[in-house]
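Structures are listed in the sections that come next.
Look at the two complexes coming up: chain A is in both, with chain B in one and chain C in the other.
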Partner chain A sequence: MAIAQLLVEVLALGAAYALVALGFVLILNATGAVNFAQGDLVMAGGFGAVLLADRLHVSGLVLLPALLAGMAVLGVVVALAAYMPLRRRPPEAVFISTIAVGIILQNVANRLFGAEPVATPPLFGAGRVRFAGVDASVQSVAIIGVAALLIAALYTLFTHTQFGRRLRATAYDRDMAMAIGIPVDRMIAGTFAVAAALAGAAGLLLSNTFFVTPSSGSDYMIKAYIAVVIGGWGSIRGAVAGALLIAAFEVLYPSLPLLVPALLWMPSSDAVFSQTTSTIVLDVAVLLILVVRPQGLFGEAARQRP
Partner chain B sequence: MQGDRRLGSPKKGLTNAHHAGGLGYLFGMAFATLVLFGGLPVAHTAEPAPDVPVLVPITGFLAAEGSSQRNGALLALQNPPAGVHPRFAVTDTGTSPEGAVNALERALSDGEVTVVVASMLGTQMLAMLPIAQAQKVPLITMSGTADITRKGNPYIFRFFPADSVVKGAQVKYAIEAHHIQKPAVIYQTTAYGQSGHAEILTALAAAGIKPVYEDALDVGVKDMRPVIAKAVASGADSLLLQLHGGPTALFLKAVAAMDVHLPIVAGSGLSQPATVALLEPAELKGVCGETGSSPISGETPAARDFLARYRDAFHTDPDGFALGQYDATMMALEAVAKGATSAEAVTKALATGSYQGVAMTYKSNGHGDMAHSAVIVCFDGTSRVPAVVRHYDFPISP
Partner chain C sequence: MTLLSIEALEVRYGAVPALRGVSVTVGAGEAVALLGANGAGKSTLMKAVIGLVRPAAGRILFDGRPLEGLRADRRARMGVGYCPEGRRVFAGMTVRENLLVACWGGGRQRAQRIDAMFAMFPALAARQGVLAWQLSGGQQQMLAIGRSLMDAPRLLLLDEPSLGLSPLLTDEVLGRIPAIVAGGTAVLLAEQNAAKALGVCSRGVVLKLGQVAAEGRAADLAASDEVRAAFLGG
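Showing the complex of A and B:
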């Protein structure tokens, strides 16, 4: 298995994880609270894509705009239900309310779609492509392209639009933003909409290859949380870097003996480079980062970690 | 909670009348008096009406399998033997032991429970066992966790073949059909995976075979390619899997994408229609798997009849869990039809009797293990319906 091929897979998986982590960071920065429903919004996006594909019979790429719009509406609903009524309470109240929203989403999905795993449609189609000697699946390449476009669009939104500047102002200092006339509540609802749309896109991208079930959101939530801890609490660049690092651990670490055959001669090489050990090593790395560099690799915001 | 109760208990009827107001209360009392003194003919009073709560996980990570279990039980309860009128309600136990214990306590507090359709999740079963023993109520389940029938509890009856049976069949088939000598064993880190892994190693050791590669996967692992590549690099001549349904589909997709052509004999996760639905027929070509039964294959007239009725009732395909739970529930209801109307009597009938179900013949080994047969199913690459290629009947041993 060539290193270039593995890197394509790392980029594809990391790009999709990055969308989840970015949504997580946006809400964290805007509200100071952790949105524990972010993983379940990924799941909702996956099922939303399945539903749309069932009705429209089009490829994933064609239904992506409709999915983003639908998920943005769901994000506003989550903001209205789980954040707005509690915004003057301690952040712990929002943690609990978003956990409740996540459980509600899981049970609604279970009721509407059943418990069995389903797959979203591919972005373009099945099959594999060969480019510069690298053999990769069409879906993996498409995931990298679509995620890159979405991240670029997000960057443009935040840096080149008035709406984005207001969102950033709200995230930076809510009281000051309110004092200069920015409609803070609407900005926060907008942030939830953007975060949910990103989660929905991740659901579409990931669930074609990895399927979606009502309970699959919790796994993405944990990955988003770890990505943000690694990258830096509140850092957007850090969230992307953290997501890529998680994907690298998942794909590259277990493959090390294939990339470096000398490692096969290590005692218990199978166990040392197993998938289970890769999870343990990643979590040990997270603990080390928390101890040695609590602000994360790209820590730029002096926020208190809940 | 969902489901229905076919007959309301007299206690509930009085309570409702009381709440209806004064006149309703008077009518209720008059009705109750008439019933007590035999003044009114009441339908079915001479026929048994066993109370059969269905306590299964229909949300959480085991929701797909739990839903199959529920459907199998419901099909039996809605089509009971002549003269039996079961009362039943479905309770979702979730996936926590507390959820299962609460559901059982609540069901038992409702009245005279005859037999309980109990969760297929081993940790929930272990928590429910002491209560069942204290209350002397039999539990019929599809849980594969070995320990539940090793605790000396006379009220547990497992209708899914134990790991020693299905894993024995899996290894036996791999040796007979593919002459394996250097298998790679890939299993899940869950109790299901580890228990099956141990039985696979035992069966391989009995044949003098040692795996050349073993790896345990967390259920959250998405990318299977590194594991497959390492298994191939190890020189393995076959892949033996003990993975849940979703990971089995992920694994087979990756195998097809990597163009690996080693013989694959999977665990029972493969035989679930939901797993197969995630794969293209071509991705399944040549893949085989063990299971207790494969109702979708429609091997016998009874299996075809079950398949048709299940599809009609639930608009989906059944798996081995659904059929096993159907057979289990029917065995208990047949015991009731033959006069075992109390929990103790049903326990005795299950412990000592034999029952010819749709999937196989069930008989306790003295510890509550009722199923002792397994089948191997294989896919030909043209459809998602597997063919049963081999039956294995194991001796009933304690």
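Showing the complex of A and C:
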């Protein structure tokens, strides 16, 4: 059941990427601005989890609520420092200021934790589980569960609470939202809080396997960006789908020789199916998608009634 | 009792004056028509009251309190409802969500108000799960009005509700105004269609090039030459 096993890995990686991409797209919709610190918030979440684990000696799942709360506060700080002073300027200004936030986060992390890679605690524990003939790591299954729970919670927040509806109204039409009594600046700070919490959760989920260093944010940033571009700029569902597609590619492409043994006879198949080549092929695939469908795979060309 | 009092209001867009010394009052429980051709300053006046444009001079008092320095969300919470020109419904939210998001009461109050809106606009009740951008123009207008009433405002600023609607739908939408007033909400109605607006309001004010050109009782204005002149660009 090699394929089923790989699919578990795809889902786990994709679900974690989806959290990053969702945070990115929420801020994009609420402010029209690109938050280039989203990847570094993942890194901050990873280190935050390491810090909490050192103090509390508990599993990742137990420290998740504290991490979410801490990251939400950090998100508000980012909003106050990098967005609010520039909210009446063109979105490019926020693009630059969030790059600055990212650099600051990287340097703070470097100072506090050093450049050595560290791992976050696992959600439950190490080991593997078997069910229905599939053998998967406990961590992968737990990642899928936690990410699915967070995405479900996010969905409930946005569709079933007044706070969530107000966040969405602010994203659709800021002046109109204000005119029905919504304090839009607070809503935007709230959006940054949610986005940072999601990034922080992803940092906890991903850094057990992939470790965290002060510079690991840029990789996640690029993946979130690609997920949102191929999913359709501004589309929430597209962001999730894009994240899953990227994960599928990253997991399945290097494993192709395992699935199709004939490929092993290709000249220099090691190099062709290496991680490095995988990144190149992904980037080329993204360019091709944009040539064929500039609005992304799930983007709608227009949402206006004629 | 005067609910809204606009005194010598001046608004400029850059160097271009949009309103020049305009004074308008709306009493509690009154419907006032704000008439004038395109570009006369009706929408600007509405935006100045809700707080989406900043006046260069003049005062706006709501219920005796000056609104200067208050952001639009504060004014809305004080009881000023705003239904903008062009509807501006929240496109990707459902009809029901568009209404719910505009109510600041608790769950029970939200349910009551939403029932009241569906009673006023039965066409919306049948489409409450539909995304707002999928509605027809007339339904979007009803939704925009319903949204502006969800927090039971004491004053409703209703900007060009007939824009883009058929005469039949215009009558249907404007025909709701007496019921809105009877429900305790005063209305300031901006309209290009003077005859129809004066038919549902008790008083009217005519704006021309950013100044008050005429005002008076609806019946008098409807018969006046000045009103005709203002609309025929004389």
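Here, the second predicted complex is superposed on the first by the 290 of 306 C-alpha atoms of A that agree within 3 Å, B and C clash if a C-alpha of one lies under 4 Å from a C-alpha of the other, contacts with A are read in each partner's own complex, and residues count from 1 in each chain.
Keep in mind that, in the parts below, a residue touches a chain if its C-beta (ideal position, glycine included) is under 8 Å from a C-beta of that chain, and two chains touch if they have at least 3 such contacts.
Just so it is clear, the structure is predicted and the values come from calculations on it, not from any experiment.
Enquirer: With both complexes superposed on chain A, which partner does A:D270 reach: first (chain B), second (chain C), both or neither?
Expert: After superposing on A, A:D270 lies in contact with chain B but is clear of chain C.
Enquirer: Looking at A:A243 after the superposition, I want to know if it touches chain B, chain C, both of them or none. Which is it: first, second, both, neither?
Expert: After superposing on A, A:A243 lies clear of both chain B and chain C.
Enquirer: After the superposition on A, what does A:D175 contact: first (chain B), second (chain C), both or neither?
Expert: Only chain C is touched by A:D175; chain B is not.
Enquirer: Applying the touch criterion given at the start, work out whether A:V50 contacts chain B, chain C, both or neither, answering first, second, both or neither.
Expert: In the superposed model, A:V50 contacts neither chain B nor chain C.
Enquirer: Can A:D219 be said to touch chain B (first), chain C (second), both, or neither?
Expert: First partner only, chain B.
Enquirer: Which partner does A:S137 contact after superposing on A: first (chain B), second (chain C), both, neither?
Expert: So A:S137 only meets chain B here.
Enquirer: When the two structures are overlaid on chain A, which partner does A:R166 contact: first (chain B), second (chain C), both, or neither?
Expert: In the superposed model, A:R166 contacts chain C only, not chain B.
Enquirer: In the superposed arrangement, does A:A115 touch chain B (first), chain C (second), both or neither?
Expert: A:A115 contacts chain B only, not chain C.
Enquirer: Quick one: chain B or chain C, who's touching more of chain A?
Expert: Comparing chain B with chain C, the partner touching more chain A residues is B.
Enquirer: Quick one: is A:L154 in contact with chain B, with chain C, with both, or with neither? Answer first, second, both or neither.
Expert: neither
Enquirer: Can you give me the overlap between the chain B contact set and the chain C contact set on chain A?
Expert: none
Enquirer: So in the complex, the part of chain B that touches chain A is made up of which residues?
Expert: 58-61, 63-64, 66-67, 189, 213-218, 220-223, 225-227, 229-230, 233-234, 245-246, 249-250, 253, 257, 274-275, 277-278, 316
Enquirer: Flag every residue of chain A that touches chain C in the complex, lowest number first.
Expert: Residue list for chain A touching chain C: 159, 162, 165-166, 168-169, 172-173, 175-176, 178-184, 303-305.
Enquirer: Quick one: in the complex, what on chain A touches chain B?
Expert: 1, 9, 13, 106-107, 110, 114-119, 128, 137, 206, 209-211, 213-215, 219, 250-251, 254-255, 257-258, 264, 270, 273-276, 279
Enquirer: Given the complex with chain A, which residues does chain C contribute to the contact?
Expert: Interface residues on chain C, with respect to chain A: 50-52, 71-73, 76-77, 82, 84, 88, 90-93, 97, 100-102, 104, 133-135, 137, 147-148, 150-151.
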